[in-house]
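Two complexes follow with subunit A in common, the first pairing it with subunit B and the second with subunit C.
Here is the complex of A and B:
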């Protein structure tokens, strides 16, 4: 392969799937953190135990393969990847080799640039190693098999990323897809990447940085690595192919081993697992159950709903928000819906530190609320307050507005009375206004809004006050 | 059945012949069922909950499984008395039960203590021959480990279709070849035990979801019209003439009883089954044995050095010579640069061999040949064999094992020296019934 870009990056991303149980045994994937409490003879590698494939992990992996438009293998075959390591219950890992689940797909970055995907395969996670006194200083290592056998899907890109920023964006786009597909939960699933990075100056000597967690870390680690390689080049040191570890705390990478030859894993087909036929009908069934994805929604929001690109991007990235928008915009003006779903809803959610799913806010709440706004029956201010209340408690908007008498004051007599009172209370500001200071009107408007408990339309108050002050 | 008497007799026999790696002196039968009053021995590689199970290897010394193998659970729930764990070649690596693990005793042939029981299920066969009470052995075959010792010890041994009996709880030798089967003195006990342990198991994805027939009823079915395929190379060069004659006489008697005979050529099986079997079995075995490293269970050493040094020390000290040989050969066969020529080619040849058998079953209902080309050899003779000559002993048994076909060995007389001879009957996939039907006729005669 000939490269022309100054920086060339390829990623191997490991994604932990959001399943209830492990890949080959009924142990819970998450739960008790007591060491070795979520284990059984299968994930501990006891003699005589046999793996039984988790079907949900298979359909989740297929969803990802379909979402990145890759071609899916006709059969699911697992292989044994053999190497000795204390975190391996059987001293081989059940993975896929000759025939991966899927090959040849692509994923678009935010810029629209498509990054090729070489392969997608399933495998089991090893146990975790605990170094009680730190990685380098510990005299011994503890092994916790709670993680042993957790379901992973590995996605390998082509070396088509040309900057650490692109690598970060790739991870972001990937995570959006994973969340849309509901096969990954950022709160309890790990996503890790190994990055292959090379620079033009070194003649593209391939350096692999292992074990980078999260998309912000990818950019940090790769920025460091690019700078390090460029510095080595300036110092006329030779950059050789090697494997390096990322130390997130120090923000540096360090050499693990030289890459002289390909590692020898002695793959054989795992004879404990029968090949599973992935028929076109089975794949089609999974496809039918897949949601519309972010990039599809993005296009639709612009074309069908007339949203600006920026607005459409923000809403389409988050599946619950996007689906809320679709439901609400069917009943009220899409631009009004977009404005509230993009700005006001995230604002109150952030303030309450809650996710949309954690509140009782339903589509009908927003539809009712925005209809009242659209019909000018309540003010924006009232609507904002109602939304804040909704985050805490679920209630019927219309009943509440009626009960609390929150509708815009249409009684012009009452509004005029309130305005006159306000002018009396704010003689000084009134005087200033008459002298030509437009700004002092805001103060009086504020008093009126307080008196009317926000039910008055600020525009009406403005006009009325002006008339009273100049005329009266 | 008097428990104390049974245990005492078993211990007495074992002192003389070394059939057991462990006798459970606290054994108790629980509940009642079709196996009440029946003593069951279990090959050491099949897990019995709470009972030391080592697959005949020092590296698993002290390992007590936390669960019963599915087959063990099934016989237990039928009221069987599980008496102990029978001797075997370490992890099944042998044809004479002389490749026992470090510190284990070699079982002696019940007919001549200077001779081998056969392997790898030697203890199972020997004890089946000697037990003075009703006894069924749970045994296991990868390349002939049931019919070989059954033949050498003069008992009946049946290895079913691959997947017929769940492998859950069977310590793996070669997962695509391992089958749990049974040994007994009567066809009625073989049929009963097979009925009980067969069937699909959600814990073993390779177990077959196929109905299990009433084998006992099939034993009485007349064999008139059954087509017997005589495997030509099974009675040819390299087979002991006394063995050939005994098998030929039996075939003649079966013809007289109404069977029709047809000669079957199996050129691929004859030429390639043995190398194909050993490559696949060793490649799989070398990955299966990787887990034994002294870290989670079994033998341990003082912790010194890094994990590689520790694993090497434990494996170096506790695995026997043949286990090491097979790990090395198997690892070689699957290494990059060699796996295409060995492992992957053997997998393709295996498919061809299965095809050849399938064609044979278009002409015949069952295939017959001797189980072993000779009677149980003396230990002194075995010592002189090279590893290659050792592997050649399996020439007749690896074919059906590689193809996953059900096969049985039934005694068909003895040679002049009084050593038993076994005839092998091979059936099509899931046709254990045919095999038992014919075997039953042979036993009665």
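Here is the complex of A and C:
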């Protein structure tokens, strides 16, 4: 392959699938954290134990393949990747090699640039190892097989990323897709990347950086690695192809053991797993259950709902918000819906430290609330307060507004009285305003709003105060 | 492929086995014999034969994503020679 960019990056992303059980045995994927408490003869590699494939892991992996437009293989075939290391009790990892689940495909970055995908395959996670005295110094390792056998789907990109920033954006876009597909839960699944990175100065000697967790880390790790390689080049050192490990705490990479070659892994087809035919009907069934994805919603929100690109991007990234917007904008003005779903809803959720799905807020609540705003029956301020209350307790908006008498004050006499009282109380500000200081009016508006318990329309208050202060 | 002590050494390294000199001398002829037999098999023209990975033509075999019963930590560690705080203690391999 001939490269022309100063930096060339390809990623191998391992995604832990959000299943209840492991890939080949019914041990729970999450739960007890006591070491070696979620194991069975299969994930401990006992002789005679037989792996049986998890259906949900298969359909989740197919969803990802469909979302990035990969071609799915007609059969699922697994291979044994042999290596002798304590993280796999069987001395082989069940993976896919000769025939991956899917090939080709692409994923678009935020800029619209498409990054090619080489392959997508399924494999089991190895056990976790603890090196008590540190990775380099420890005389022995402690092995916990709880993680052994967890379902992973690996996505390999073509070397088409040209900066650490692009690698970060790729991971971000990928995570958005995974969350939309509901096959990955950022709170209890891990996404890890190995990155192949090379620079022009070295003649594109390929250095693999392993073990990078999350999208912020990938940019850090790759920025470090680019700087390191450029420095080595300046010092006239030879950059050789090698595998390095990312140390997040130190923010550096360090050289790892020479790994086995593909040949040394001695791949063979796993005779314990029976082939699974992926019939067009089976795949079509999964496709039917797939949700509309973020990029599709982004286009729709701009074209059909007339949102700005920026607004559409923010709302489409988060599936619950996007779906809420679609439902609410069917009943009220889409721009008004977008404004409240983009700004006010996240504000009150952030303040209460809750996710939308953890509250009782439903589409009808927002529809009722925004209809009242649209019809000018309640002020923005009242609506904001109601939203804050809704995060804590679910109630019927219309009933509550009526019961608490929250509708906008239409009694102009009462409003005028409140304004006159406010001017009396704020003689100094009133004087300032008369001298030409427009800003001092805000202070008096504040007093009126307090007096009217937020029920007055601030615009009306402004107009009325101006009239009264200029002697009208 | 040249089957000699160097190749045997490479295979042993990957499998993390330490072979003594006399073992290597003993195993080289055995390796030659085994690989020779496979070479004979490889000579057969199989270009028109579908590969067979399983002796019995089974299909499907997917499992519902439903948790089952695990071994207790005590059971899981019962065959282990060396353990510490619930972990299995093993040699470092890096």
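We adopt the following convention: the second predicted complex is superposed on the first by the 464 of 472 C-alpha atoms of A that agree within 3 Å, B and C clash if a C-alpha of one lies under 4 Å from a C-alpha of the other, contacts with A are read in each partner's own complex, and residues count from 1 in each chain.
One rule holds for everything that comes next: a contact is a pair of C-beta atoms (placed from the backbone, for glycine too) under 8 Å apart; a residue touches a chain by one contact, two chains touch by 3 or more.
All values derive from a computational prediction rather than experimental measurement.
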item: First, second, both or neither for A:267, with subunit B first and subunit C second; value: first
item: Touching partner for A:277 - first (subunit B), second (subunit C), both, neither; value: second
item: Partner chain in contact with A:381 - subunit B first, subunit C second, else both or neither; value: neither
item: Partner chain(s) touched by A:52 [first = subunit B, second = subunit C, both, neither]; value: both
item: Partner chain(s) touched by A:44 [first = subunit B, second = subunit C, both, neither]; value: both
item: Contact breadth on subunit A, by residue count: subunit C or subunit B; value: C
item: First (subunit B), second (subunit C), both or neither touched by A:85; value: both
item: Partner chain(s) touched by A:158 [first = subunit B, second = subunit C, both, neither]; value: neither
item: Touched partner set for A:256, first subunit B, second subunit C, both or neither; value: second
item: Doubly contacted residues of subunit A, that is, touched by subunit B and again by subunit C; value: 41, 44, 52-53, 84-86, 140, 264, 269, 271, 273-274
item: Complex contacts: residues of subunit B adjacent to subunit A; value: 46-47, 53, 55, 60, 63, 65-67, 69, 167-172, 174-176, 202-206, 283-284, 286-287, 290-293, 295-297, 303, 307-308, 311, 331, 334-336, 339, 343, 347
item: In the complex, subunit C residues that touch subunit A; value: 14-16, 53-54, 58-73, 76-77, 84-94
item: Complex contact set, residues of subunit A against subunit B; value: 41, 44-53, 80, 82, 84-86, 89-92, 140, 262, 264, 266-274
item: Of subunit A, residues touching subunit C in the complex; value: 19-21, 25-28, 34-41, 44, 52-58, 77, 83-86, 130-131, 135, 138-145, 256-257, 260, 264, 269, 271, 273-277
